[in-house]
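Have a look at the structure below, then the notes.
A, B, C and D label the chains in the order they appear, each numbered from 1.
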Amino acid sequence: MNLLKPLKICIITLTLALLSNTVHAQITNDITHNEAFKALLAAKKKAEDSNVLVNIAVVDAGANLKAFIRMDESFLGSIDVAIKKAKTARYFNIDTGKLGELTQPGGIIYNIEHSNDGLITFPGGIPIKNKEGKIIGAIGVSGGTIDQDRAIATAGAASIL
Amino acid sequence: MNLLKPLKICIITLTLALLSNTVHAQITNDITHNEAFKALLAAKKKAEDSNVLVNIAVVDAGANLKAFIRMDESFLGSIDVAIKKAKTARYFNIDTGKLGELTQPGGIIYNIEHSNDGLITFPGGIPIKNKEGKIIGAIGVSGGTIDQDRAIATAGAASIL
Amino acid sequence: MNLLKPLKICIITLTLALLSNTVHAQITNDITHNEAFKALLAAKKKAEDSNVLVNIAVVDAGANLKAFIRMDESFLGSIDVAIKKAKTARYFNIDTGKLGELTQPGGIIYNIEHSNDGLITFPGGIPIKNKEGKIIGAIGVSGGTIDQDRAIATAGAASIL
Amino acid sequence: MNLLKPLKICIITLTLALLSNTVHAQITNDITHNEAFKALLAAKKKAEDSNVLVNIAVVDAGANLKAFIRMDESFLGSIDVAIKKAKTARYFNIDTGKLGELTQPGGIIYNIEHSNDGLITFPGGIPIKNKEGKIIGAIGVSGGTIDQDRAIATAGAASIL
């Protein structure tokens, strides 16, 4: 009877147990609603200054919706696009536009958009960092050109720094 | 403490307000994003005064999300409940709590909650009317007791009148 | 021309801005994968001791899946039930069985199960707290009777304390 | 430091191992939860050795979730990608990377990703075989580069042989 494998599992289990006695719960930095609001207003101001009508969504560290606004006359279809851009940016801690460079036909993660109930992988989603550089959420913007959306999202994220 | 930015935002807000007095409301009797924002802030203030942590959603005349905020430490599950309360209130132009009286076993619209990707039919969703009494959207609140949620939603809707 | 309302909004905005200058990002305590693993193993041991075949899911502070195991010969339908129990417990920071007492016909939150892509509101989902009493995730168990599921979930959550 | 609990777990694991040597594998050539766990731990070890943060999912012969772990700080978006990679690998008994060669524009199964609630067709999903070469499940890994994900998944699958 071979007891080697279960013994190996035991050693791993013990090591894990020792580790778990010394480490504590993770400390996650999460965006506050005041910060989310601030990012929303900063992005809205940028959109107004640029004469663009957009939807703006902010998600928290857990990729859950924290704040949202849809400007009058902006696209109805942009509600979901803005939210998905924010979620995508936090799901993979990346500018959604950079992700899109990898998901093209022939790209290394082609068609990853089919996961997570639909990702949006063109510009307009940006992770939000705090002053220490930790990602605490993300912002997604939709309604303008992709360059406008990215600039507006960037302005929103920058307002927290 | 830097008050320059908020002051700047204020000046913009005031300018916007002056402008919005000269231009007319959307022809469809649709809530504007400024009104949605105002309802959101009024509801949030009411929640803070009542020491309740809630999620607040505002939808427009088309039952599409217009504005949203989730207060820190409020329930994650309330994001979707708040949005569904607002949508339900506008879908049927009714206080969600009143709708719930009809959806009980034996009720005339028993289990209507299965439609529209899920309705919420307990208190906390309220139609938003303009000064002429026309429904221009709805507000949904989730996180407190059903009485608190309804009171907070009512405060939000009342701020537009 | 009435400038009172926009002025009021301004004062609120300024107050918010002052507040947001003094508060920082939230510190969220999140379960580690070692802790999730430990809860999983403790629940599995309890299930084996009770001669019950179950599915066990652990979600983190953001209600996202952290760890999962399905015991041999346990119900296939329990995969989703266990995950939904864990999510529900974290969505509303509550024992899912207690939530179910409120969702019955005539209950104050009747049919809330239609939100969040489906909630499970009978026993078997329990929030996981750290030693300081902060909720850092949740565990969901499905496959046995509801009493067994709850006892197994409780054993899993208790292992972190 | 208290080693009593992990030691107790070890004794139980060893007893289980002795027992599992006397009972036979499931008739359907299905992966057991002990094997799924073993694959998970082997993949996790490989990930740690390679300094990569990943999500790891194991599905059984029926393509249903059997075991899962998300390493701390790994991508939130990788939960679903890892599960979908494992399912895809078992759905078509293939290395997901090889499937992706056929789903490109002009490919013979172009956009098959739209089926089955979303497939993932880039590397990181690998069928798991038993010693007789029969496919008994699959493993999916997401979080590193596609080469890292594939290597980690391969290490997990290899641990069963």
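Here is the rule we use: a residue touches a chain if its C-beta (ideal position, glycine included) is under 8 Å from a C-beta of that chain, and two chains touch if they have at least 3 such contacts.
Chain labels with UniProt names: A, B, C, D = Heme-binding protein.
It should be emphasised that the depicted structure is a prediction, and the values quoted were computed from it without experimental measurement.
Listed candidates were A-B, B-C or A-C; the one reproducing the A-D interface, defined as more than half of contact pairs identical by residue number, is B-C.
Each of A-C and C-D has its own count of C-beta contacts, and the greater count is at A-C.
In terms of their C-alpha centroids, the spacing between chain C and chain D amounts to 25 Å.
Centre-to-centre separation of chain A and chain C, using mean CA positions: 22 Å. Touching of two or more other chains is recorded for residues 9, 16, 72, 76 of chain D.
Across the interface of their complex, chain A is touched by residues 1-3, 5-7, 9-10, 13-14, 16-18, 21, 38, 41, 45, 72-73, 75-78, 80-81, 84, 100, 103-105, 111, 113-114, 118-122, 145-146 of chain D.
On the chain A side of its complex with chain D, the touching residues are 1-3, 5-7, 9-10, 12-14, 16-18, 21, 26, 62-63, 88, 90-93, 105-106, 108-112, 114-117, 119. On the chain B side of its complex with chain A, the touching residues are 9, 12, 26, 30, 32-33, 36-37, 60, 62, 64-72, 76, 79.
Chain C meets chain A in the complex at residues 13, 16-17, 19-20, 23-32, 34-35, 37-38, 41, 60-64, 130, 134, 136.
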